[in-house]
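You will see subunit A twice below: alongside subunit B first, and alongside subunit C after that.
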Partner chain A sequence: MLEYVFILPLLSFAVAGVILAFGKWLPGRGASAGIAVAAWGFAQAAILFTKAIQGKLALPYEVSIPWFSVGSTQATLGVYVDGLTIAMLVVVTAVSLLVQIYSIGYMRGDPRFKRYYAYLSLFTASMLGLTISDNMLVFFMCWELVGVCSYLLIGFWFEKPSAAYAGKKAFITTKLGDLGFLVGLLSLFYCTGTFRISEILELAHIGFIPPAAAGAAAILLFLGAVGKSAQFPLLIWLPDAMEGPSPVSALIHAATMVAAGVYMVARLYAVYALSPVALDTVAWTGAITALTAASMALVCFDLKRVLAFSTVSQLGYMMLGLGAGGFTAGMFHLTTHAYFKALLFLAAGSVIHAVHTNDMREMGGLKNKMPVTYITFLLGALALVGIPPFAGFFSKDAVLAAALARNPYLYAVGAVAAAMTAFYMARALVMTFHGEPKDMKKYDHAHESPPVMTGPLILLAAASVVSGWALSRHEIFERLVNFEGVLPFELHHVSHGAVALYAGTVAVLSMGLGAWLYKSKPGIPAMLRGKFAPVAGLLDRRYGLDAFFLKFVALGDRLSSVLFIFDLNFLDAIAIDGWAWLTEKLSRIQRWFDDNVVDAAVDATGTVTLCAGRLARLAQTGIVQNYLLFIAVAVSVFAALAFAG
Partner chain B sequence: MSLLSLIVFAPLAGALLILAIPNTRTKAIQGVAAASSAVCMIFSGYLYYAFDKSTAAMQFIEKVSWIPAFNISYHLGVDGLSVTIVALTALLTLVSIIYSFNITLRVKEFFFWFLLLEVGMLGVFVSLDLFLFYVFWELTLVPMYFLIGVWGGPQKEYAAIKFFVYTLFGSLVMLLGILALYFNSAPHTFDMLELARQSSLFPLNFQIWVFLALYLGFAIKIPAFPFHTWLPLAHVEAPTGVSVLLAGILLKMGIYGLLRVSFPVLPLAAKWFMPFFIVIAVINIIYGALVAMAQKDLKKMVAYSSINHMGYCMLGMAAMTTIGFNGAVLQMVTHGLITGSLFLLVGVIYDRAHTRDIDAFGGLGARFPIFAGLMTIQVMASLGLPGLAGFVSEFLCFLGAFEAWPYYVAASAIGILVTAAFFLRMIEKVFLGPFNEKWAGLPDMNLRELVAIVPLAVLTLVIGLWPRFCLDLIDPTITYLVGIVNR
Partner chain C sequence: MTLSHYLALSGVLFTIGLFGVLTRRNIIGILMSIELLLNAANINFVAFNRFLYPGQHLGQLSVIFVITLAAAEVVVGLALVMAIYKNLKSAYVEDYNILKG
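== the complex of A and B ==
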């Protein structure tokens, strides 16, 4: 059973290639192949899950083959399966399968239908690889690959400039976080000498890694999660990522990829648990994210963006849970959230498919036209808000309890965000499905989606209703996914019942208030919006985060053009060409010197020699008498000298 | 068997044969050029296959006394450091020749110089005698001068002369260094292996001076900041096939020279120099990427990105670790494949649109799926996407340097972000968004272009997934090299 886990990503990867190459000839233009593989993957994951909770699997399971080695360092390809892996596997395969089925209807008639399915399979392969990898190097590789798939799928309708822009923005914003991830990975390697997850965890457990080093590496790695899981302040890319097709949002930007950051923190929890600073960073980042994103959702009119903000906010909860020491709580919320948020996105997609707009101000009254979509959306919303006994109630309650046990302030932030969640979901629900239709033309055009789309909705709705209750029965989830190490801080005792009672009450009241306001008194929200225009504007501008990062980009651009000018006009023009110029001038001076000094000197030598020659020639008369006379004179002079001497 | 001589001189035979073919018979000239570089490629492929991966020693050695009076010999050999680059050289030359079938101006001379260039490049990577090394080193210069100066773009003469004089200047200083080594060795020798054995006899001061002299020659080739300004000009003005070899192979001669000569022969000076070297590496990475971001011309952007990528090589070398050196050597190969194909792809679009202005396009992705797909793959490889070749080598460079220089490595990670930014921006402007109807009539890639580019793309994927394809050959030599450098 476990021996075959490695096939999951490989098969998805292969099928991506097959669809791209042969999709034209496959039934459903390749969709069938993708769905078949996804179904098989889900079956495997489901069997693993069942066996694991029955205790029939020997976990953790690990196997690897060498990939390459340099010197004494070896990189491996391998599989590491424990309860955490299995929980994630179920989420990934289930949502991937349902999204692929749903997409048959949603993407029908798209000219790049085949490519869409190839990308989905490639994404699934990368996500599965990330889930089961036994080492952080391959984990990081898959981490980057899911990012690229996200880029390709956000910009799938790339003729739309906003989609192309959103894809790029998502890639670069997450890449910013990934720089931290990379450096964290390198420092983790130098703390432990290995990429293997099991060895890292073991070294963390026995305290081999110094807490300060572990904390630094953990926080650096967490930067990657801040990007990938859209935490504050890198959350800006996720709302724009809604430019992609809705099923993509459900799969990648709600259930799986954005949860990868949470999964990473959970995967390396033993390292995080060495450093209270690292855990507090995670918790507070999560809490702030939960609150800011929820507040932004309050004023948003784009249905998918409301859900995107909500996703960011819920990812913040997961981080809050993990950071506060609630390992199981954080992962539990990841699991339930995957179902109800995928459901909400798919239901929203069904609405958008029907009315061809994202703007909730142009919707309204759709519950009669789209009953299945409405009911499933409602169930998903109840689950998200945390109304008992739906899924979100159990998991959010667990997160809040963990937060309270760690620090009352963390809990307070989480509780306020929970109230906001209930409010904005009520608002979205009412604006979309209740009241009078705002745009009759769109309303008349609207119709219920085909069964291939509503089928997945119903299945996800079922999961959203029961998964929280089912998984917390007999502590199934807790036995599967728990942390056996020691936390670096003491936790307060918390009464779960009180937290649950409070959270449930707040959810019901806030949701009721929202529903009442938007249904019966639509003037009040508008009036409030007018009265608190600066606040609404701030929320609309996402607290100026986008502007901040755009300034950053502009700064980079300015720096780049300044450097280019420097390169061209200083380094090249002055230092190199200037030198050449100087050399040339010098050579001219040398030539002058050559002509007027060296050459003149040579010429002068010649002239002097010539003149001397002419002078000497005067003596050479050719007359013998003269020569005799010279001889006689010379002889007498020498003789006189000799005698004188 | 003299396999290496066959590899080096097969293109020379082709070049001489081309001289004997009349000007007008273009097809025959092209055929001979392709055939001789294909022969060279086949021999190199065999070399790659027959190479013994278990040893760090020199293989396929040929040694014949050449100028006995100065103890100069014709001494060839390959080890893990050179074998991958020899194969890369043969491959890139072959695909560039195939791509260059579209050259119509003075075809005969073009391919003559092209093949002569190949001889020079291959000779550099297989020479074990410094004198021979220098001869081949200079031999690359003349063909390159003509290839840029005759078949180049609007500023070709300026670019050619600048390239020539700049590089010649560097190599003359390098020659001084080589001579200094010769006269200070006992017995006097140009033999690289012998010099490396004698390295402990050279005092630090002497080593530093010689290192700096050699470094100047190598740094100009790499090109290391601030000696890089010839590169964008030469790359942009050169015809496509020549740009491929400039970026793919000629830049590697600098890195190769450092690894083959400077590090093993002058280890003390190398250690002394590393604090400066790491700074230059980081500047190359960040500065190269930032300047690339300012480019409006596709080819210039790729050219500046080479400065950034060579920075990763230098980063990998700066820590003098096994991991880093492996990364640097692999990075040479992967950069050759990736940037080589990027230059070819830029050539593809330039041949059609006669412009390389990034802002002039838009939406090409919908109409030119093959071109867009290949370009996207290679751009992703260039920005270090896992699964493609660039990731492994860059990661190894980072990993190797991290222990010794953690803060520098952290800083140079910014280069990754900037690279991603300018490449994705380029993709957005060229391939995404609404289609620019101005380009409606252009055809997608033709067979000649696919034959040139697809092999490179396939290798990019193969090395990305299975880096052992190269690393198994590189690693033993590098392990040994790091041993003698850190002795």
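== the complex of A and C ==
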């Protein structure tokens, strides 16, 4: 069973190539192949998961083969599977499968249909590779592949300038974090001398790595996660990533791209656990992210962007959970979030498919037209908000409890963000599905999506409803992914019940308030918006983060201008041109030498030969008798010599 | 009459022949001078045979060979002369300078 895990990413990689090359002749223009592989992968992951929670697997499982060696360092290719890996595998394969099925309907008639499926498979393959890799080198390769795939898919409709821009933005912004990741990876290698995850974890457990070094490496690595998982302040790429097709957003936001950062922190959690500073960095970054992103979502009118900000905010929760010492809580939230966020994006995609706009101000009243989408969206929203007994309630409650156990301030930030979450989800729900239709033409045109799209919605809705309860029952999830190391700080004892009660109450109240405001008193939010225009503007501008990074980029631009001038006037003028000048002079000398010495020698040889030939010619008179005379004289002379001798 | 007389005669004859070969302008004359050279050699053969090995006839035998050879040589030589004459329209050796470098 475990021996075949390595096939999962390889098969996905292969099928991506097959779809790209032969998709035209495959049934469904390649969709069938991608879906078949994803379904098989999900089946494998599900079996693994079942066996793992029954305790039938010997975990952690590790196997590796040598890849190449540099000096005494051996790089390996291999598989490392533990509970964390299996939990992640289930999430990735499940969401990937449902997204691919849903895309049949959503992408129907797209001219680059088969390329789309190839990219999806490649994306899944990269994420699976990252999940099961036994060493950080392959992990990093897959990490970058995920980045490439996100670039390809966000900019999938690259005819739109905004999509092309968003793709570039996502790629470059995450690259900024990857720089830190690479440096962190190398410093970790410097401390441990190995890239293998199992060895790194082992060395961290026995305390071989100095805490300061571990903290530095962990924070640098976390920079990569900040980019990939859209944490503050590198969260700017994620709202723009909404330019991609909606199912891609679902895949990116639920299972692949953004989960990679969280998974990385969880994977190397033993290293993080060595340093309280690193954990606090993670926790506070997460908390700030959760709050800022949630506040941005409050004023956004683009349905998908509201969900995008919500994703950023929820990723902040996961980081908060991990950083506060709630390893299980963070991963639990990742798992449940994957289902309800994929659901919300796919449902939003269904809405957008029907009304052809992202703007919630042009929607409204769609619940009658699209009942399945409405119900599933509602369930997803309830799960996200954390209304008991939906999935989000269990996981978010666990995160908040972990935060409270670590630090009350962390908890306070998280709780405020949770209230905001409930509010903006109520707002989005009401604006989209309730009330009067704002745009009758679009409303009349709207229709329920085909079963191939609603099917995945229903399945995800089911998962969103039960996954939290099911996984927290008998502490299934906790036993699966439990972190067995020692945390660097004492956790306060907190009553889960109190936190849950508080979180549930806040969620219900806040959601109720949002729903009431937007449904019955739509004038009040508008009035508030007008009154607090500077605040709304600040939120709309995403706290100026975009502008800041544009400035940052502009600064880079200016720096490159300076470098260009330096290049032109110094490097080019002095070094390159000077070298050319020197070379030219040298060759002139060489040419003189060649002309006057080497060639002269050659010519002299010729001249000497010529003169000698002329001299010898004199003897050749052409008169036969002269020759005879020479012969006669020579014979006489030799005869005389012979007699004399 | 001693061997020296014969050898002197032979030497004179050879010198005359050599002189002819080297100085005659006419190719026919040169051929004739070559005959003189051969005959000078013939006299030597016969004289040496007569005075050194009186009972034997090896010298005479050689002479007959030489005479035969001379006849053949003249045939070949005259044929060559004819061929050259046809090409160069001249019987004078100073005109035969196509080997001149």
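Just so it is clear, the second predicted complex is superposed on the first by the 569 of 645 C-alpha atoms of A that agree within 3 Å, B and C clash if a C-alpha of one lies under 4 Å from a C-alpha of the other, contacts with A are read in each partner's own complex, and residues count from 1 in each chain.
Here is the rule we go by: a residue touches a chain if its C-beta (ideal position, glycine included) is under 8 Å from a C-beta of that chain, and two chains touch if they have at least 3 such contacts.
A quick note: this is a predicted structure, and the numbers were derived from the prediction, not measured.
Q: Go through the superposed model and pick first if A:H205 touches only subunit B, second if only subunit C, both, or neither.
A: neither
Q: So, does A:K519 touch the first partner subunit B, the second partner subunit C, both, or neither?
A: It touches nothing on subunit B or subunit C.
Q: One more residue to check, A:I576. First (subunit B), second (subunit C), both or neither?
A: first
Q: Check the residue A:F68 against both partner chains and state whether it touches subunit B (first), subunit C (second), both, or neither.
A: First partner only.
Q: After superposition on the shared chain, which partner residues are touched by A:Q625: those of subunit B (first), subunit C (second), both, or neither?
A: In the superposition, A:Q625 contacts subunit C only.
Q: Could you tell me if A:K51 is touching subunit B, subunit C, both of them or neither one (first, second, both, neither)?
A: After superposing on A, A:K51 lies clear of both subunit B and subunit C.
Q: Using the superposition described at the top, determine whether subunit B or subunit C touches more residues of subunit A.
A: Touching more residues of subunit A than the other partner does is B.
Q: Please work out whether A:L186 is in contact with subunit B alone, subunit C alone, both, or neither, and reply first, second, both or neither.
A: first
Q: Applying the touch criterion given at the start, work out whether A:R617 contacts subunit B, subunit C, both or neither, answering first, second, both or neither.
A: second
Q: In the superposed view, which residues of subunit A touch subunit B and also subunit C?
A: none
Q: Taking the complex as given, what residues does subunit B use to touch subunit A?
A: 162, 165-166, 226, 229-230, 233, 287, 290-291, 293-295, 321-323, 326-327, 363, 365-366, 380, 385-387, 391-392, 395-396, 398-399, 402-403, 406, 409-410, 413-414, 416-418, 420-421, 424-425, 427-428, 431-435, 466-468, 471-472, 475, 478-479, 482
Q: For a test of understanding, state which residues of subunit C touch subunit A in their complex under the given definition.
A: 18, 21-23, 30, 93-94, 96-101
Q: In the complex of these two chains, what residues of subunit A are touching subunit B?
A: For subunit A paired with subunit B, touching residues are 67-73, 137, 140-142, 144-145, 148, 151, 155, 158-161, 163-165, 167-168, 171-172, 175-176, 179, 182-183, 186-187, 189-190, 553, 556-557, 559-561, 563-564, 567, 571-572, 575-576, 580.
Q: Over in the complex, which subunit A residues touch subunit C? Could you list them?
A: Checking each residue of subunit A against subunit C gives 616-617, 620-625, 628-629, 632.
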